[in-house]
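Have a look at this one.
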């Protein structure tokens, strides 16, 4: 296993063990970490290191699958890697071997065009074979251009038409409360997506129904398709808007894994009110020629570009 | 002319004269009034007295036309009477004899179910005969259940499907700016209507495009159809939401005519930013048995109820 | 042969409210959503009986549908209601992409469809909702003719898996059927047989068609009347059979002549048994204010108009 | 008789971008709006040429349409663009109530219609947009077949008063017509005459139909091909004439078989000249990811499928 490599890295056994024990104790590991619980400092370091490796692995998966597909959304997949990594390897209580476990936490990718990052996470988490990632967008594939809940295990909702996922998450959250199930619902929105009125309908309703089991993460990468969000049609300032709509809000560097874990822990602690995490991110993060480039929104790398990107990712080292 | 009566009152000549001269001087009378300009105090009193009489006249028209129609929206028409009166008799620069004058100010009744209050104002302002009000909702009438821009002069947009009027107003405001026309656009929204996502799409866009020529008035009567807005699906707090969406906001007692005039003057003074006036009102205002009664949202008074209501309105006196 | 069994008038939406209350007791997964029109759609009845399973989403139809989708994904059986014009039009993309595309188990039960909305006028009179729902792959579209059929349709919709659209009107309509009325989704019902022409009717037009048939029978013209309560999936077999038997086809619906029952029958005829057809419906215009009865008359949707249509189509068929 | 004049491939949306720039210079009232897809819809060309008359409304299709309505009410001629699935579905109620009901002078020009959207998959492939727009009273619905026709359609739409929907695809398609192509809204065009059957085609299917006709001619079957670029108002006269002349009718469209051209022709046949009909289109299913060519093949929308449809309908017509 090459350190910093882009192979299917496995986390070290010690990390696995520590994670497991904490999970079994009914607490989030991150919670323990942040609140200075009695976890060994090496385990903390190990956890974050493992997550970083995981994030890098997912970026490599993204580059490979997008290049193989020849089309797809690179920028907004890459910007969400840490958010998705934190969710799937630390936050979500899920059972990849039992995708319809009724008590599972739900993740709705409302910005459905970032399907590749969801697929990569699901594959790496064991929902389906990693090799299947290379069928992305091909005729007959379970990996549709936008997530299709009928086709792929682990996908919680069909998305792609922007602005609809929060309503779906709200419905799930209401059902969870009705059934007295302990699950939480997480919804990832784009910043451009926040221009859709339905987002605000759902935001208003979630606050009205005090769905404390509902958390939104906004991938605030500053870009949409036609340009920077501030020049196309500014949805900013986001925190003020969500607060005015009755949500508890925090802001975080969306590539800083410890900060993200802390934010997720914060969200669990808030009850009787939905929570929003505004994650400041870089579109195309991790591939230098894609970073902050609006043109890389809906484009896949060529084979050459993919090679460059993979090299760069592999050289990035532990802390990139 | 019975003082405080419910006939088609004409304002006294002195008021007309003073209004006219100030208008001719290119200023809003209300502006002069508020800013302590050199208008005679009697003219001030006369103006407000005239507007109050006008408002009462419109309430009487509403009761009569709704009773004649046998159906229609009483509560939300009555709550908007002062707002509409202030607009049509003081704020809007319009020419009833030339309804398509390109430089006219525009008023869009986004809460289209309050059509009766718009029709009453248009009739009283001379757009069409007052008697025609009694054809409301009848087959073949120009007074459709919800405003139809094709049918009735003075109606600026077809509305009735809630949440759409602000977008229309935004389009008009953008066109005005493009054509360098001096007109302003006013849009009246319901508080329940603010639950529609399209309202927030339009709000975001208007702020982005800095349409200083666009003013929203929210008829904050606290009720929608299924109950109080706070129990159905709370859109509150409204000022915070509009502010977070980039609007300049003021709050006002929506039945206090001097305060309304002041608010409209304030809105004219704000440039480079759209303005929102949150008008706190009473649904069913002026008819005691309708006030704050959710059941009077979409109901017309019977003949007996109308008689009661008219008596009450006629006894209300000058300052009611 | 069924005739109009009762002069009792009940609004289908009232039957819907009652059906919800009944089903709510038996089916714990049933949840109901509305968009600030629960008193009009009669979901308020369910809200009273099962407050914790009722969600008023306010004036926000997009979110109404999206939330229903989420509830369905979590195992609930949601019925989402509002006026037909807003249910289908304001939330079309939500129904399309979040419900129909994944085939979710959501029932959209809309009231105030058609021109019998009356005085509210054209902005509130859905004449396109059947067309909108029919074009969605996998969507079942039901238009009950009376209170009894409404009750059975709602129960059947809740009992099946997958998305269903049920179209109800505002006004009270004659009760046509008895409690023993057999209702099966997708199975049209011959209410009256006849060899001289066939009228395929749906919703409020079924009663008008029956009346027209009675009048015509007095004149010696025997017209079959078929209640096409399910516009999708269409009972193709029965339609072809009746078209073959009569050779003269009329459709009658309180809906645009584009995209609804008339189009559906035209498609079947073209592809299976070409025959002269007259479609009765709203002919490319919006509704307007007026009483329901005035509008039905003005827009040509009453029994006398069906009679004329039958005469016209028989002429064309060379009878 | 026209045949495929050129092997040149141009996407209709590119022609749209060009048309906007041309018209922008001549028509000062022309304004263009988009919803964060200007590079895809090609309204970005207009934005570059006339920045002050271009409005990007962000990802907010409802407001896109509503703002266009307001601009029209103030005397502008707005062209509002985004993907077809969102233009028609996400903003249906806005188009219905704020544009079609008052008959406003707004042109909705949508791109990325149909399954040739390709890899983005079913959520992005509008197969219902024609049905949605056709049911709206007074709405003109145009589906150009190539770049030349797109240019002329856009110019004609801007020149007429009232709401128009123009449907464009994503992919490059063969240029069929020359600069001298006569285009008139509502007038279908016989591209190829023939007495053995008629294919009424629209949009990308026109080229497929021509190809099918050429192959069939080699086998001695002479098929008329009609370019029905205007689905509404429909050229009823021409359709009846061709149906009468051939007695065997096929329709071909990159759209659901419900509510689009196929239904429109079925309606005309039923009401004017009953004749055997086969409708080619998407048969009650959503699209999926794949290349445009793969999908056209998989969903049965290529020349060979048209040939089979012609054979089928001729068999039914007893030929």
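Just so it is clear, A, B, C and D label the chains in written order, and each chain counts residues from 1 on its own.
Throughout what follows, contacts are C-beta pairs under 8 Å (C-beta built on N, C-alpha and C of every residue); 3 or more make two chains touch, one makes a residue touch a chain.
Because the structure is predicted, anything quoted here is derived from the model rather than measured.
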**Complete:** Maximum distance between Cα centroids and chain B occurs for chain A
**Complete:** Chain centres from averaged Cα atoms put chain B and chain D apart, in whole Å, by 43
**Request:** Would you kindly tell me how far, in whole Å, the mean C-alpha position of chain B lies from that of chain A?
**Result:** 47
**Item:** Chain centre separation (chain A, chain D; CA means) in Å
**Value:** 39
**Request:** Could you check chain B for residues that touch two or more other chains and list them?
**Result:** 148, 158-161, 163, 195-198, 201, 204-205, 208, 233, 235
**Request:** Could you list which residues of chain C touch at least two other chains?
**Result:** 57-58, 60, 62-63, 85-86, 90, 93, 96-97, 101, 122-123
**Request:** If you connect every pair of chains that touch, what shape comes out? Choose line, ring, star, complete or other.
**Result:** complete
**Message:** Under the stated contact criterion, what part of chain B meets chain A in this complex?
**Reply:** 195-201, 204-205, 207-208, 233-235, 237, 240-241, 243-246
**Contacting residues of chain A [partner chain C, same complex]** = 102, 106, 148-150, 156-161, 164, 166-176, 178-179, 197-198, 201-202, 204-205, 208-209
**Message:** Under the definition above, what is the set of chain B residues touching chain C in their complex?
**Reply:** 69-72, 112, 137-141, 143-146, 148, 158-163, 192-193, 195-197, 224-226, 229, 232-233, 235
**Item:** In the complex, chain D residues that touch chain B
**Value:** 31, 52-53, 55, 57-58, 60, 62-63, 65-76, 78, 93-94, 96-98, 101-103
**Message:** Quick check on the complex: what are the chain D residues that touch chain C?
**Reply:** 85-86, 88-90, 92-93, 96-97, 100-101, 122-123, 127-128, 131-132, 134-138, 249, 256-259, 262-267, 269-271, 274-279, 284-286
